[in-house]
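These are the structures, in structure tokens.
Each of the next two complexes has chain A plus one other chain: chain B in the first, chain C in the second.
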Partner chain A sequence: MKHVTIPSGADLSALYRQLAGDYPKFFKMDVLSKLGFLLTEMLVADEPDRFRPREDRAVLVFSREGCVANDRHYAATLADFPSPALFVYTLPNIVTGEIAIRNKYEGETSAYVLEKYDEKRLWALVKEAFQDRITQSAVVAWIDCLSDTAWQAEAWLVTREEILK
Partner chain B sequence: MTKVYCTGCGVVTPVGDTPEAVFQAVRTGRSALRLYQAGPEPYVASLLSREGFDGPSFFEDIAVKAARKALEQAGLEPSCPRVGLVLSTIKGNVELLDREDVSLAASAARIAAALGMSTPPVVVSNACISGLAALLQGMRMLRDGAYDHVLVVGAEVQSRFIVSGFQSLKALSLQPSKPFDAARDGLNPGEAAAAMVLSGEKKSPWELVDGAVRNDANHISGPSRTGEGSYNALKYLLPLVNREKLAFVNVHGTATLYNDEMEAIALDRAGLLDVPVNALKGIFGHTMGAAGILESIVSMLACDKGVVLPTRGFSELGVSRPVRVSAQEMPTQGSEFIKLLSGFGGVNGALLFRKGGAQ
Partner chain C sequence: MNELINELKLKVIDALNLEGMTPEDIDDNAPLFGDQGLGLDSIDVLELIVLLEKNYGIRLATPQEGKEVFKSIAVMAEYVAANRKK
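Take a look at the complex of A and B:
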């Protein structure tokens, strides 16, 4: 299965220009969504028909911190004018939606929070997601953002055959 | 495939702390929705009383209370290594953001510890469909064979953080919400906790048949104009539905302009316009991480009593498709229902419940 990572503290704008460059909505995203977007670009850039709408691909994003880094940014606006642009990123699953929108993935999207990076648990949950009879492949990611500059970010593109073998 | 049954339910809501009390509140149209003046702008919400509470986390406290009720009804000892825990919430302890580790993972671990559970929890945080997605996750854990029982707990408490966000999006109504109504103008935040014990043992007639989660792939904070994800989630279930036994669809029905219209389109595309539809957010407000579980528990009781519950706040149809919204209580012979939810991130979910023979 294909596996990619983004080192903690990497320049995400530079990476965006290198990998995509045609999706200015990227700059509105919180760091969690930016990482999910870029990891997926790295996984699927060379797929044939990559923007054809499809229901058979799931997006499964795992973390410990969820969107707490962005929660703090939004909370900082409360005393003045609460920012709707920041508020919409205060949900751990928005990253899955951003990946789905970019790639026209109409399948299952789910965000899970685990106590720690637990490989065995993560892959058990991925295997369970393939109980959906339509799902044939999945973008699986562990994206744990401690702040806008410190994270763990890795992702895999997996198929039903690889997971259920 | 392993059949999955609901063997225990627990609720903590502003209108009652047992499923029966909550059912009676819905039946008689009794809601705790009222105007709150706290913060810079007023809002209408359904909030729990915090009188007498002095613990570290109100959110975790109500989650544990609902969980204990469900475990008790199921007669289940939570410390067994074959009992799993799925927590559903969107914002957990966010009201304590300045003070401590508010990660949902930390909350889940403390809730598991308070219940004396020995297996590691998983949190499903899928916006407003979290409760439904958590039930589906619990079903999958049972079907995978790793667990014999799974406790699924959903809870949400409201705070300035959440209320201000919805105010900034102009999504809140200053009246009790009016799902599917022509005069609907937004949602009301709600607080609740709700829990279900799922089991492969047929100790209850209520089966969770299957469910699906589908993304609109359209917008992170607005529903699809074509109801794509909601329709696709319904489409997944249609081959499993006994149409003559389908009592109702309990919709998301947040009473925002766009959500209810989107659901009407999805129901039309799924060929479900002849099926009664109801929404419960005119009673509870939008209880977010608890909604999928709480509204499913009330819907199971409604089927048990042979009724389609009324949709408080609804009087005149305000969506473009002729959806059969139940304004008043109606009798039903049906023994199945579909729970439908949608949320930010473009996510939608549908779950089919079926009442089988007696235990």
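Take a look at the complex of A and C:
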């Protein structure tokens, strides 16, 4: 299975310009969604027909902190003028939607908030996602954002055969 | 008016995170929404409503009203000039 990481504190705007550059909405995203977007670019950029709509690919994102980094930014605006642009990212599953929209994935999307990084539990949940008989592959990511500059971010592109072997 | 137009362009670029864009990239009369022009979306309308209240003391009653005011930077500047409270 293909595996990619983004080091904590990396310059995400520079990475975006290097990997994509054609999706200005990237700059409106919270850090969690930016990382999910970029990790997926790294995984699927060289796939043939990568923007063909498909139902057979799932997106599963795991974290401990969810979207709390963005929640803090949004909370800071509440006393003055609450920001609509920050509000829309105050759910930890938005990242899965951003990945699905960008890549035209129409399959299962799930966001899990775990107590801690638990490899055994994570892969057990991934295995469950393949029980639907439609899903043939999945983007799986562990993205844990403590702030806009500190995170753990890694992702895998896995196939049904690899998971159910 | 030109000064206000330039000021609005800078504030819009900042508020909407239009990375890499400069005031020169925004046509005064180009539509802000839809496929042409800046291609802004419904969340951007809400951000622009906040921008007007925060910077000029202008309160728009509904997002629909915003769609009229935000037709282009030039229309927006005329509205701000006529209605600003600060």
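Quick notes
In this section, the second predicted complex is superposed on the first by the 165 of 165 C-alpha atoms of A that agree within 3 Å, B and C clash if a C-alpha of one lies under 4 Å from a C-alpha of the other, contacts with A are read in each partner's own complex, and residues count from 1 in each chain.
FYI, a contact is a pair of C-beta atoms (placed from the backbone, for glycine too) under 8 Å apart; a residue touches a chain by one contact, two chains touch by 3 or more.
If you're wondering where the values come from, they're calculated on a predicted model, not measured in any experiment.
In the overlay built on the shared chain, the residue A:88 is in contact with chain B and with chain C.
By the touch criterion stated above, A:24 is placed in contact with chain C alone, chain B being left untouched. Among chain B and chain C, the chain that touches a larger number of residues in chain A is B. Of the two partner chains placed by the overlay, only chain C lies in contact with A:13; chain B stays clear of it. In the superposed model, A:36 lies in contact with neither chain B nor chain C.
Contacts of A:111 after superposition: chain B is touched, whereas chain C is not reached. With both structures placed on the common chain, the touch criterion links A:78 to chain B but leaves chain C unconnected.
Where the contact sets of chain A with chain B and with chain C meet, they give residues 81-84, 88. Across the complex, chain B is touched by residues 53, 55, 59, 64-66, 68, 71-72, 74-75, 78, 81-84, 87-88, 90-94, 96-98, 100-101, 103-116, 118, 121, 124-125, 127-129, 131-134 of chain A. Chain contact summary for the complex, chain A toward chain C: residues 13, 24, 27-28, 80-85, 88. For chain C in complex with chain A, the residues that touch the partner chain are 16-19, 43-44, 46-47, 50, 53-54. Across the complex, chain B meets chain A through its residues 90-91, 94, 97-98, 102-106, 108-109, 120-127, 133, 137, 140-141, 143-144, 146, 160-161, 164-165, 167-169, 212-221, 228-229, 232, 236, 343-347.
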